[in-house]
Structure formats: C-alpha cells, structure tokens
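Structure first, commentary second.
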Amino acid sequence: MALTGRRKWLNEVIFGTDTPAGRNFDVFLIWAILVSVGLVLLASVERIAGRYGETLFALEWFFTALFTVEYFLRIYCAVERRRYIFSFYGIVDLLAILPSYLALVYTGASYLLVVRLLRVLRIFRVLKLVRYLRDANVLLRSFGLARRKILVFYASVLVMCVIFGALMFLVEGPGHGFTSIPKSVYWAIVTITTVGYGDISPHTVLGQAIASMTMLIGYSIIAVPTGIVTAELASELHQERSLRRCDNCSRAGHDRDAEYCKYCGYKLEDLHAEL
Amino acid sequence: MALTGRRKWLNEVIFGTDTPAGRNFDVFLIWAILVSVGLVLLASVERIAGRYGETLFALEWFFTALFTVEYFLRIYCAVERRRYIFSFYGIVDLLAILPSYLALVYTGASYLLVVRLLRVLRIFRVLKLVRYLRDANVLLRSFGLARRKILVFYASVLVMCVIFGALMFLVEGPGHGFTSIPKSVYWAIVTITTVGYGDISPHTVLGQAIASMTMLIGYSIIAVPTGIVTAELASELHQERSLRRCDNCSRAGHDRDAEYCKYCGYKLEDLHAEL
Amino acid sequence: MALTGRRKWLNEVIFGTDTPAGRNFDVFLIWAILVSVGLVLLASVERIAGRYGETLFALEWFFTALFTVEYFLRIYCAVERRRYIFSFYGIVDLLAILPSYLALVYTGASYLLVVRLLRVLRIFRVLKLVRYLRDANVLLRSFGLARRKILVFYASVLVMCVIFGALMFLVEGPGHGFTSIPKSVYWAIVTITTVGYGDISPHTVLGQAIASMTMLIGYSIIAVPTGIVTAELASELHQERSLRRCDNCSRAGHDRDAEYCKYCGYKLEDLHAEL
Amino acid sequence: MALTGRRKWLNEVIFGTDTPAGRNFDVFLIWAILVSVGLVLLASVERIAGRYGETLFALEWFFTALFTVEYFLRIYCAVERRRYIFSFYGIVDLLAILPSYLALVYTGASYLLVVRLLRVLRIFRVLKLVRYLRDANVLLRSFGLARRKILVFYASVLVMCVIFGALMFLVEGPGHGFTSIPKSVYWAIVTITTVGYGDISPHTVLGQAIASMTMLIGYSIIAVPTGIVTAELASELHQERSLRRCDNCSRAGHDRDAEYCKYCGYKLEDLHAEL
C-alpha cells in the first residue's frame, strides 16, 4: 500500500533519510534525545536536583510532550501501523514516554528514575538513521556468524567460574570475604575478566595459588572471543572486497579505498551503495 | 557388537541424539543438572541454608538418586561397558554422585561441599550432547595446533613473573606487603594479567617504576596468545570454506553461509555435515 | 617558491632530514625536548622542587629561550610561513613556549604548571622527524580505514555504560558509593574496560549479578576493536607485500623481508622507499 | 675445529640434544634448575627460613657446587671456548653461580638475595635445549618484524601517559594521591594498561571524566599490539605452509597437519625439520 498526500510527506520526513527534511528531522531528534538523556543524568546528582529541580522537571515534561507527539505522528504516518507498533523501535518509542505518565500515578521517586532510564534506549534509534549503520551491520553480521562459537565460549567461561568459585569458597571460606558460592563465583568472574576490583581477594597461600591459576587461564581465554571475531571480520572484509565489481568491465577484487577500476579506469561505484 | 531390543532402545535414548526421545532425554538431563547445581549454590548461602536447609537436603538426595539410576542405566546400555566406565564422561558421571554417599560416612561439612562441587563438572556433559559441540571442536582444534606455542608463551610469562616478583621483593620488602618471593610472584601475576586487585601495590618510587615496566610488558604480551589463537582460527575458517564442495559440479570455495552452489545453483549440503 | 642562500640552508637543517646537519639537528632537538620534559616532571616532585627549585627554574628558562629562538628560525626559513604557523606542528611549537612567558604576568602556580604540561606535546614533533614515522603511517592508515567502525563501537559502548550505570544507581543507590547516574556511568566505564579500581563496587546480590553481566559483556566487547584493527592491519600488510615489485622483471608479491627478487635475483628496492 | 675423544663425548652430552645421553643430561639439568629456584623462593618465606634455614643453606651450596662443576665442564668441552664464555648463555651460567661465592665476602642479606634471584634466569637456558624452541623462534621472528611498529606504539602510549598524568596532577592535585607528575604518570600507566590497582583513583568529577577518557582510549589502544602481532603471525603461518614442499613431486602448499603429499601421496617430511 502506497501512501499519498500529507501522510506520505510525513512518512518521508519522520521515517525517511533520503530527503533534506528527513535528514534534518533525524539530526534534530538525535540532539533532543541526547539532551533529554543528559537531563536525566543531571537530575540524579543530588546537588543539582536540589538547586535546579523545578527547571529540570519542566524540561523533562517538555521532552516527554515532544516525544509523545512524535510517537503518535509515527503511528499516523507508518506504512503498516500494527507492524511499527510491535517492532523493536516502536516498543522502545513507547517505553521512552510511558514512565513519565506512570510517575503521575505512583509518586515513588525510584519508579520515576526507572522511567527516565528507559528513555536512554532511544539513542539506539539514532543508529538506525545515520550512515554509520552500514558499519554496524558488518559488525553485527560478524557477530551473527560467530554466534554459536561465542555461546560455547560463554558456557565454558561460566562453568569455569562456578568451579573456581566453589574451590575458593572451600579454600578461603567466609572469613576472607568468600561468604557463599554465588559470591565466590562473582569473585571468579571479576578475576577471569581481569577487572579485579579487590573488594574480595585471597589471603591464604593456597587461595593465592588458585587465584593465580584462574588469572593465567583467564588471560589465555581472553584470546578466544577476539580470535573468533577477528577471523570472522577478516573474512567479512575479504568478501566485501571481492564483491566490488566494475560497472564497465565487470571485473571484481578492487581495494576498498579504490575509486577507479584498476583494469579499465572506469569510476567505481561507492562500495557501500551496493550492499 | 550391535545392541538389540531394550538395550538398543535405551542406548539410543541415553547416548544418542538422533531420535526425538534421545533429544528430549538430553534436554531434560541438562535442566536437571543446572537445577541441581543451582541448589548447591543456594545451599552455600548461610541465610538460605538456615531457612530452607531441609528442603535443599531433600532435593539434593532426589537428584543424587536420579543421577545414580541414570549412571547404572548408562553402564547397562553402553556398547562397550568398560570403555564407558573409564572414559572422561564415565568418570565425571561417577564423581557427580559419589560425594553424596561419602557424606553419609564422613559428616564433615567441608567434605560434603567438595562433593557438591564436583557435580558442577556434569555441565560439561551437556556440551557433548548438543549441536554446539561442532563449534567447540573448531575451538579445540585451534587450541591443539597452537598448543606448543601457548606452552612456550606460558613458560616465558612465568619466568618473567618470578624475576619481577623477586625484584619487587628486594625493592619494596616485607614492609609494603611483599612479604616473600612467592607472594611477590603472586603480585606479578596479578599485575601482568592486568587483574590488579590492589591488595598489594608498590609504594616506593623505584617499585612503582618497576611495576610500570611490568604492566607495559604485560600489556604487549597479552597480544601473543590472542595472535596465536586468531591466526590458527583464521586458517581453520579458511580451510572450512575451501572444504565446502558442491555435490553436483564438485567445485569448492563456497561461502560458509551460502545455501546454493554459486556455479550451478545446486542446493549445497550443510557445511558441518561433512566434518 | 624555491628558497635560496641562508634561508635554504636553514630550511634544510631545521625542517629537512636528508642532510647530516638536518639529522643531527633533529637528534639534538629530540634530546632537548626529552630533557626539558624530564625537568617539568622533576619540578612537580615537592621534595626536589624544595631543594633544587632555583636550578630547575634556570634550566626551565634556558630551554624556553632555546625553543623560542628555534621557533622564530622556523618561521624565518619556512617555505610558506603562514602555512607553517597555522599547521598542527606550528601551533604546538608556539604552545610549547608561550606558557613560560604567561607565567611572568600571572604568578598563579597552577597556571605555570599548565604551561609546563603543554611543552610535553612537543615530543610528538619527534615522531615527524625520525624514520619510525613510516610505521606510524601504516598504523594511522589502518585506524583511518577502521574509523567509522570504531565510532559505531564507541557509541554502543557509551550507551551500554549509561544504561548499566543507571541500572546500578537504582539497584545499589547512594549508600554504596553510586551517588549519581554520572558517577555510576564512571563505574560502568571502569568495569567494562576491565580497569576495576575498586573505589566503587557493588555490595548487594542483585548489584553483583548486574556487575558480573557488565564484565562478561565488556570481556566479549574487548574483541571488537582488536578484531577491526587486526583485520585492517592484515589487509594493509597484504597490500604492502603485493605492492613490492622488482625493478628488473617487474613481478610483484615479494616477502617483506626479501632482499632479492625471487624470480630474477635482482636486488630489490627497500619496501618503504616506494611508499 | 673438530673435537675428539673425551672432549667430543662431553660436548655431545652437555651441549648436544641428539644423543640419549645429551637428552638425559638436559632433562636432569632442567629439574636441578627448577628445584634450586624453588628453594630460593622457599627461603624467602620467613616462617620456612626460620625452621629449615640450615637445610636450605646446605642445599643451596649443593646446587652451587653442581652448577660450578657444570660451568667448568662447559668451558672445557666447548668448541670455541672464548665464544661460549662471552655468549648470552655463558654469562648467565656464570651469573647463576657467582652470587653464592660473593655472599661469602659480603654477608649482607639483601646482596645474598640478589644473588639468588639471578639464578632464576637459568630457566631460560632450558628453552635452548628443548624442542619448544622452534615455536619460540616463530614468535620471536614475528616480534622482530613487528619491532618498529611496536616501538612507535610504545612511544605514543608513553607520551599519552605523561600528558594524561600531568592533566590529572593539575585536576586532582596532591590532596587525592596525585602527589607529583611522575606519580600521576604511574597512575596513567596503571589505568591505560587496565590494571587498575585502585591505590590512586580520581575523586573529583572532572578527574573521573578524564579518567574515563583515559580508560576508553587505553581500551581501544589495547587493539594495536594485538593487531600487529596477529597480522605478523598470520603471515608467518601462511609462509610456513607455503614453504612445505613434497620431496617427490616438489609441489608446495601442504597443510601444516598433512602427513602425505596431496598431489602424489608421498610421505611428507616433518614441517619443522626443514626450518
């Protein structure tokens, strides 16, 4: 179903990125989202909330109104309304305005904050609109291909964390901060990811020996996801290059930064335009 | 030796993954293992153990009974019984039930916990059963090929840790937490793996200079295992691709996500099916 | 416009790296910069500043005078004066001497220190002069090609840090050090980059669970920039090799460490000389 | 000059690795070195030194005597004596026994410990003897090719650490642990390498913002050495493979784990044997 008249024009402005108006709308929206998220962050600082609380509250509602109007316009001009409403971005759009209204009924401050937090997700929508998305796609496709390998990897890491955590619980015991196996597993994750807060750390000789082993294993394990993603990315890049084809002589294999066909000198299309 | 009758059916259900019954049994077993491990974790939390200790004890024995029955059924229906019993999974299966029975004789709480811990290993058996195993195989083969390089790497890291540890023991001394060379080696491992608990940290200017050097070296060393595994993985992936061959025109080199032969359009076999 | 006489000679000495005089001047300048930066570092140590304050002050002015003379000579002998003054290195050259003079008017100690700090930037100029620059170029080109992918990556990391930070602010609250969302975002960055100071760390069970998730995600995310840069570097290296061409038989594809053409035995040009 | 008689036999045993006697001698030596280093570590633990001090002292001298005899035998049977004495391993061999004798004259405990520390270096000699050396060579060659790129990288990291350190010194000041620029540079190194002890950490909002930037930059920088080494290793592995040549049909390009020529079925030589 093709849209006509005002709905078509609105659709091009709000959903589209091809016309100048559509582009300007997207840029404006990105800034509005960033500013509103910035306000949520500021409002969480006690000193600022105490002094500028009312101004922040007013601005909060200004943005809520703005995004509410935008949400209904999106529904109005969507090609398939039901599909938009239940799409990922449709749900995020709704969640980004709902909490402010919910805060009118339940005055609990903590609830209000959860509401504001969800608006942060709106920033993802930005990625949908700008040209960086194509690179995000390459990254996501690499992750997609590596999905199963990464799952196997995470399962192994978790099993190791549980085993090392339980071992440390037995060796160090509640006296040194390892109060339960779940807490020891938390310690193992902190250690194996090389974060190392130091809020819990081994004190016995045996505990430090096991901790050293955990670290060295974590150290070598860090190589695995990097290796997986790198290998996938490298083959993605290779494929990207071999996909590049001259429109004149139709030979492929041009470098990604090449502007002219190396065989016939014809101007090459932008690489990303084809994808 | 081919099995017949009930033994054959049991074997297909318990060891096999090709029939619906075999698949369901595996899924059920994975959940049972995860739940029983979760119970061990909960039982280690003092507050929960105090309130629900009896329930947890009962569930503990329920799962022990379940896994015991399963263990004997596995022996009963194995193609080569002796081989199963002394295989890696056979031993893990036994270790996962033994500790509960040992706890009846020796009432030491700590022993009891070690017993529970070993049951955690059962989760590895899950990996044997599901399709993720193929990817685990690619990872393991990469590790296998890189085995010797990784050993050289670990030997060098350990030598460096001992030398830097001894240096710091001399420079900082017992007054700043470096109470012995083994403890200083523990500090060196914590530092070189970039974990950095901060439970021991240099206080003198010379000590901080040596620590800085240790970190920068560790920083560049982190590249080595990643480089090794990535290089092996990349060549594994490359080989995987070149192995893919069309059954119709028998030309190779198809992309891993390709479904049809790019030369003759024939439906390609699943890549992993051949391996 | 070609320079003549004294200006041409000075230009060759100061800007050039091809004549022995030009090379010696660069080496001398690098050492002067390193020593002067070293003095700024020493002067910041209270004990040293108390004892050798006057000597350091005198040396400070000696180097300021030296670099001032050098700055005006550079302007004098530059091919295009305006272009040099407003180039990156021209501005850094000016900033490296300005603060000492500003310190004469405003005696504020803190300002004086900012002045000294900027001189540190002068060390970058060193890179312009020495032969390591070619390798820096390979690195920079790889970064350039990966620019957009790295930007997408940083945007995603920051969004994740804001979301996890806000979550932890709600879960842990001001009582456990998470005093505001910006501070919680700081915690999220400290955690996701695996730095893990431990100045703020979760204390509740739910907080530790969310922190564990943050770490595991950060752990897998660390793979992305590595993967991007590695893939770009590998294709750079590959291109470097395929660019290498024998002057005699003009066949390409020689190894980077090859000194003679593998087809005709002719001495190969230095690889970097062509780039 | 070819050796004859007893000297030749000794040379084969002590320096060689081809005869069973030479192999056994090496294995014995490796164990002796590991045990003697272990004793140095134990002697540094106060509790153990207090109880078993005399035994450790006796064993210390037993190993010193053993290694002294070995050192003189090495000189006796070396093909070119002067060359052995001044080679890297010759100097390490001497340094590994000297400190015990020096401790007789200067009874300072700290000196004695330095002496023991140097003996730790002997473990490197182990690498010379065993077959893992070939893999160490591949690693070292990769490092060699990447040498200049890694130097540029380290220079940039150090410049960044000095600049960020000076910035934090100005922003946080001595009140929050940043007592001098060198100490702030130490903090910057601890942060940029993601070690993060937490002994010094920012307390002001601006300081935490700068620290966050430092971390995110360090996070993306960690990609560079990994990328360099991986790219070099991958091309090393590629070269290794293309070097593999069948003795029968002399075609190259065999997989590293291949045992038979894929063109004529002839048994392939061990890959490493040729290198």
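We call the chains A, B, C and D, going by the order they appear; numbering starts again at 1 in every chain.
Operating definition for what follows: a contact is a pair of C-beta atoms (placed from the backbone, for glycine too) under 8 Å apart; a residue touches a chain by one contact, two chains touch by 3 or more.
Quantities reported herein were computed from a predicted structural model and do not represent experimental measurements.
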### Query
Looking at CA centres, what chain is most distant from chain D?
A
### Task
State the superposition rotation angle between the two copies chain A and chain C, fitting on C-alpha atoms only and giving a multiple of 5 degrees from 0 to 180.
90
### Task
Tell me whether chain A and chain B, two copies of the same sequence, contact each other through the same residue numbers or different ones, using over half shared as the line for same.
different
### Approximate Å spacing (C-alpha centroids) for the pair chain A, chain B
28
### Query
Just how far, in Å, is the C-alpha centre of chain D from the one of chain A?
40
### Query
Among the residues of chain A, which ones contact at least 2 other chains?
182, 185, 194-198, 222, 226, 228, 230, 232, 234
### Residues of chain B that touch chain D when the two form their complex
145, 148-149, 151-153, 155-156, 159, 162-163, 166-167, 169-170, 174, 179-182, 185, 191, 194-198, 201, 205, 208-209, 211-212, 215-216, 218-220, 222-224, 226-228, 230-232, 234-235, 239
### Query
In their shared complex, at which residues does chain C touch chain B?
194-198, 226, 230
### Message
For a test of understanding, state which residues of chain D touch chain B in their complex under the given definition.
### Response
37, 40-42, 44-46, 110, 113-114, 116-117, 120-121, 123-124, 126-127, 132, 135-136, 138-139, 142, 150, 154, 157, 182-183, 185-186, 189-190, 193-199, 222, 225-226, 228-230, 232-234, 236-238, 241, 255-257
